[in-house]
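Order of writing sets the labels: A, B, C and D. Residues in every chain begin at 1.
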Amino acid sequence: MSEIGVGIVGTGFMARVHAQALAAAERTWSLPVHPRVRAYCGRPDSPVSSLPSWPELADAQPLEGWRALLEDPAIDLCYVCTPNASHAEICVRALEAGKHVFCEKPLAHRLTDSSRMAARAAAAPALQAAVGFNYRRVPAIDLARAMIAAGDIGAPRHICGGYLQDWGLDRSALGIWRADPAQAGYGALSDIGSHLIDLAQHLMGSTIVAVAGTGAVGSTLAAPGGSGDRSECTSAYGGAAPVAYDDAALLVRFDNGASGSLDISRLASGHRNGLHFEVRGCEGSIAFSLERMNELELSVTRARGETWRRFYVTERDHPWQGRWPPGHPLSWEHTFANQALDLLTAIATDDTFHPTFADGAQVDGVIEAAARAIESGGWQAAARGQALINNRQTV
Amino acid sequence: MSEIGVGIVGTGFMARVHAQALAAAERTWSLPVHPRVRAYCGRPDSPVSSLPSWPELADAQPLEGWRALLEDPAIDLCYVCTPNASHAEICVRALEAGKHVFCEKPLAHRLTDSSRMAARAAAAPALQAAVGFNYRRVPAIDLARAMIAAGDIGAPRHICGGYLQDWGLDRSALGIWRADPAQAGYGALSDIGSHLIDLAQHLMGSTIVAVAGTGAVGSTLAAPGGSGDRSECTSAYGGAAPVAYDDAALLVRFDNGASGSLDISRLASGHRNGLHFEVRGCEGSIAFSLERMNELELSVTRARGETWRRFYVTERDHPWQGRWPPGHPLSWEHTFANQALDLLTAIATDDTFHPTFADGAQVDGVIEAAARAIESGGWQAAARGQALINNRQTV
Amino acid sequence: MSEIGVGIVGTGFMARVHAQALAAAERTWSLPVHPRVRAYCGRPDSPVSSLPSWPELADAQPLEGWRALLEDPAIDLCYVCTPNASHAEICVRALEAGKHVFCEKPLAHRLTDSSRMAARAAAAPALQAAVGFNYRRVPAIDLARAMIAAGDIGAPRHICGGYLQDWGLDRSALGIWRADPAQAGYGALSDIGSHLIDLAQHLMGSTIVAVAGTGAVGSTLAAPGGSGDRSECTSAYGGAAPVAYDDAALLVRFDNGASGSLDISRLASGHRNGLHFEVRGCEGSIAFSLERMNELELSVTRARGETWRRFYVTERDHPWQGRWPPGHPLSWEHTFANQALDLLTAIATDDTFHPTFADGAQVDGVIEAAARAIESGGWQAAARGQALINNRQTV
Amino acid sequence: MSEIGVGIVGTGFMARVHAQALAAAERTWSLPVHPRVRAYCGRPDSPVSSLPSWPELADAQPLEGWRALLEDPAIDLCYVCTPNASHAEICVRALEAGKHVFCEKPLAHRLTDSSRMAARAAAAPALQAAVGFNYRRVPAIDLARAMIAAGDIGAPRHICGGYLQDWGLDRSALGIWRADPAQAGYGALSDIGSHLIDLAQHLMGSTIVAVAGTGAVGSTLAAPGGSGDRSECTSAYGGAAPVAYDDAALLVRFDNGASGSLDISRLASGHRNGLHFEVRGCEGSIAFSLERMNELELSVTRARGETWRRFYVTERDHPWQGRWPPGHPLSWEHTFANQALDLLTAIATDDTFHPTFADGAQVDGVIEAAARAIESGGWQAAARGQALINNRQTV
């Protein structure tokens, strides 16, 4: 059995998440290749002495910037967990250096970057170019996908979904990079909207081809005396910066004729991390909420007034189970271990891990269309992406 | 104390509801005027012998058609509970005959009709011209409105709402008039969408000025082998009839700058009669679902991780209470008694009951803009309606 | 068709409820006999001038005390809605006067009274002697009973239920008669515990034969500086009065070998009127909560991790429906109309309405055993009651 | 910084859980001592070649039985994860060998064993003698405990709780050791009842001094044609074995005068792993369910009809946080990492980790009193345990 050297670029919250997920995967399953985190780094100009010394990275070497990390021949797989605007350069260079790459979502800040990343990945088919839409690996969500694909609700016709957070209402949050358009692109639309768009397409089994939308800028709400005046908002974000949406409501049309309503907000009091959806088909519905992430609800029949059947997605034949007996719920953290398992397995078997950079670029295309729709009104076409390929045949 | 003669036009489900509501109001409160249902009728060509003899109408005289009913000088107030396409003629004639009118929602089939009705009502300011958006009289919804108006969640910025039913999935339902575009206008958009649009404006304290939307036609789903092809759908509805939407997802912009996502469907498996909304403001959120219609949830603070506070809206100081001690829930039926109380009180005091025909016509304008948006794409302007006037100062 | 004269003894909250329920039943169904409330009265010494003039009783004659009411030959059916301690005398005299009697629950203050009432009723089999356990007429509860009786969950083995209210925590409530042991017997155990005990037996299809229990006295909690010292409590209730429990937790054993846990409290913050139960059988479970009174949850299989199936109990073939289309929920108030329908039907058809005084006395026997168990410890036998006979064959 | 050698006795599901928890704790926090799993073993007669080779234990040496493991001087801390009947001998010997011991719950099979274990632990105060009531380390439960201790609901007066599972309904489960009285003691009462009893005492801040109960034997339900006849059940479990309860409903009295109802079952269809409680105090209530384990509900006031306030227990100042930003839920697995953190910290600081063997023996005393109460009826006294000492001062 072989070992695979891992390098982690970034020292934020997600960097720790992946370090822990790799260790958890190692402990949980008999992996075909063994991940070993060998190095990590911060911003290019961050001296080694300023890097955090987390227990997760106790065995890894701190390096000064990602270029040093890419030069290390012992690194086979590179995790890119930096602010969105920096993804493109690091990922392209990593692929050029012959590394497998796992990039956090959204793939890039600008669609030109995403496309460049996807093109570079296409040119190196032997390397994994993975993007971190981890919610595909929530067991209940994958069960939903499988039920829909199996026809349990008939042809899916509409998805009503939301990804709602509340931290944008906290003025002290405005200083972080996720609230800075120069680093974070289209705000909530990029940050959490990318997850929702990816999931919507994944569940409906079809890509989004058109978008209409409306949006609000967070800082106008959070700023003292915020009046909703955009100029005030723009200055709150630092002058002429492109606008970052903290609240975006979208209508979407899928390639297969289905439709969707997507509700995205970081200004949604009451929701700490509220991802939810309901998919409606010709013969039933499926509903999910991340706040009860081990449950799935299915409506198929009205016999005797029956409305919903609840599933507790912890059975042995459910996706990514086999660690505990049924009834012991998994949580957010486990989606990353599941993701690591699938990525390492793909590396070992020369299969392609999904979602790929191509998938990530397609989502960025929808985001960009959404931003255009919000700015200019009307329906905006999204580039017709390649057919999504599910790489798991579960349940 | 005086008596008021009531006539009911229509012999469907809603006719019974209003007859019972008047009796319930009479029993429950000390009304300023006493309603007495004196007459009722069916379709113009329905002989008296064919009319149902319901216990609710045991003391009322069956008449042959609404013209006979309007000629009766003992009728002071006329309830119009017929299919939508017939509202305009009956209501206008009733106003011309000097009767107070209560018309079921939506006000009319075509916007030209709604406008004509509103104009006729404006010309007779001494007569009530009421439209039956009964959900305004759900105590929890009125408490939500009052909380929002009082600033409990800061300025309201977005409403995410839905009105979801499932009976359109039942093929046997296709024969009823609510599924017939010639009688029911824009399908679900008119039937239940009108409620949702009225509520959204009522809660946000602002009118909708623009709409984008997407919609689906129900029969293509319900018909055997339905392929989503609209031509098939059209023929299922009987040839060249205007299209009726059974599934409509809208984005809306309010006059005050706020936005909304409205999800309307009669094809939503799992929802028998699922009206719900969440209003998000700069400082909090309010959430409601008709399936738990005596509850209201408010989110205002994140202290110690607090998310939602639940209210059980049955206290003595809550809207329309005073009948039972706290803790004894009211239901759908009671909204009509509450509505009857307010209408009779307005008649007695020469106040104006709201919503009026002007309000109903404004909602029809939004519906028409939504239909245009679905058909032709893009954002469609809705006529800027008059400011909504809340006629209650509760809580 | 004939008319039946009704007299109402009592001017409290429940008197209004029954007056409204009779009117609602009259309006809703084609009744075999028509109820007409002809007279009502308050306490024996309440002059007519002091009686309330409620709209519900506008057509009824106020009388000075129940003796006058019983002397009226136009009264065929007498509703007894007075404090518990007075039930026995009024009901026995009413039966002696040849009236049908409907008595509010619990049947009596002392078991000797209950037995006397049941004996008097047995001696007049042509008269209805009904007791007001209205929750049997919640459609979802009756569906639960029918499902259990049909074997949908296998043999029922355990019921875990509660009836929880919070008003006892409000010191100002201590003055009302329901908190006075001299009038209200065993406090919460009598007041709301009687409902829960009746339901438990009704659902399990078996009578309770033994009880163990523990209890707390409310006033010690509500009183300023309450220390839990019973002597303080006793004096708070007025000296040497028998103790009234505001909090009682019971274990019960049924005649058929099943068991139960019953949790009764008027000191349960968070619960305004929270009646709930879960019945567990060898092959499934059924769960209900009055806070969502139109829903029922059934668990029968664990296939693919399924846990619960939800039913919305408003279908046309559900108990007591036929008033509205499916999806329009009923509420607490409707249980009384359902009850009135069944009582009037039983009178018209010479069937026996259930629950009877015999049923009510049997419940009082369980309450008395529970009070003994709380006072003296150990399991206390309840008199083995007659087999309960369900008078409805629904679903 | 020093390292601590860990040995794991047992190769079942819980052995893996602890191995992973130690690794997760190591990765998550800066631990004062570093755990290193050096050895593990199965049953005394299990040859090394038959032991599983799990990834979690890749670096540990498989040994032939616990005696070999205790002889290893490199082992400082011994996890005992074997069937209940074997706990006593292994733990006593481990303490005698100078090892810290962590024993899975319940502490022992018979109370004599528990007492012996507690006595041995008392004789070695420098060694940790910990028992695995991991639910104390659910952050929301600890917040509940802290809120109660801080007086947020006034004096706690009653706890209504349950621990419900459904696997006992599956006949194929009867073969496992948890269903074998010779190995598992009092069945569900020991297995999951021990958790519930520990939590009840922990939350109420008082020990249980008396118990009444009723119980059912699972196999009579699960066995084909099960008639409820105990003799059949006994033979299903293998002749003259002591009875194992799969369903136990208890009433309890606490030393401080409070009461409780505890509902324990492995035959509860619909509940995979359903631990829940509601604590009621003089001024409020607190409610929790493991199925929504990051949420806590608090009821303190009825202002404007408010009932419950929901908390999402993932804030930075909540117990055991500091790993993720707020809003990212933890799960069942994390309670073991939290437990490991506290145990290792206690070892490093020479504090005493709670719960101790004394606590575990006290719980076993309550279980034994419960079994006596079920068998013989009446209230049974539980030995008055030492005051529980909470070793955390959180929030």
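Note that contacts are C-beta pairs under 8 Å (C-beta built on N, C-alpha and C of every residue); 3 or more make two chains touch, one makes a residue touch a chain.
Computed from a prediction, not measured in an experiment: that's the story for all the values here.
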| item | value |
| --- | --- |
| Contact-richer chain pair (by C-beta pairs counted) among A-D and B-D | A-D |
| Maximum centroid distance from chain B, chain identifier (CA atoms) | D |
| Chain centre separation in whole Å, for chain D relative to chain C (CA means) | 41 |
| Separation of mean Cα positions, chain D and chain A [Å, integer] | 37 |
| Centre-to-centre distance between chain D and chain B (centres being mean Cα positions), rounded to whole Å | 55 |
| Residues of chain C touching at least two other chains | 272, 302, 305, 307-308, 312, 314, 326 |
| Overall pattern in which the protein chains touch one another (line/ring/star/complete/other) | complete |
| Sites on chain C touched by chain B in the complex | 13, 16-17, 19-20, 23-24, 26-31, 55-56, 165, 167, 272-273, 291-293, 295, 312, 314, 323-334 |
| Contact set on chain D toward chain C in their complex | 153-155, 157-158, 160, 162, 166, 169-170, 212-216, 221-222, 226, 228, 247, 249-251, 253, 257, 259-261, 263, 265, 267-272, 278, 280-285, 287, 297, 299-300, 302, 305, 307-308, 377-379 |
| Chain B to chain D touching residues, read off their complex | 302, 304-315, 317-318, 326, 395 |
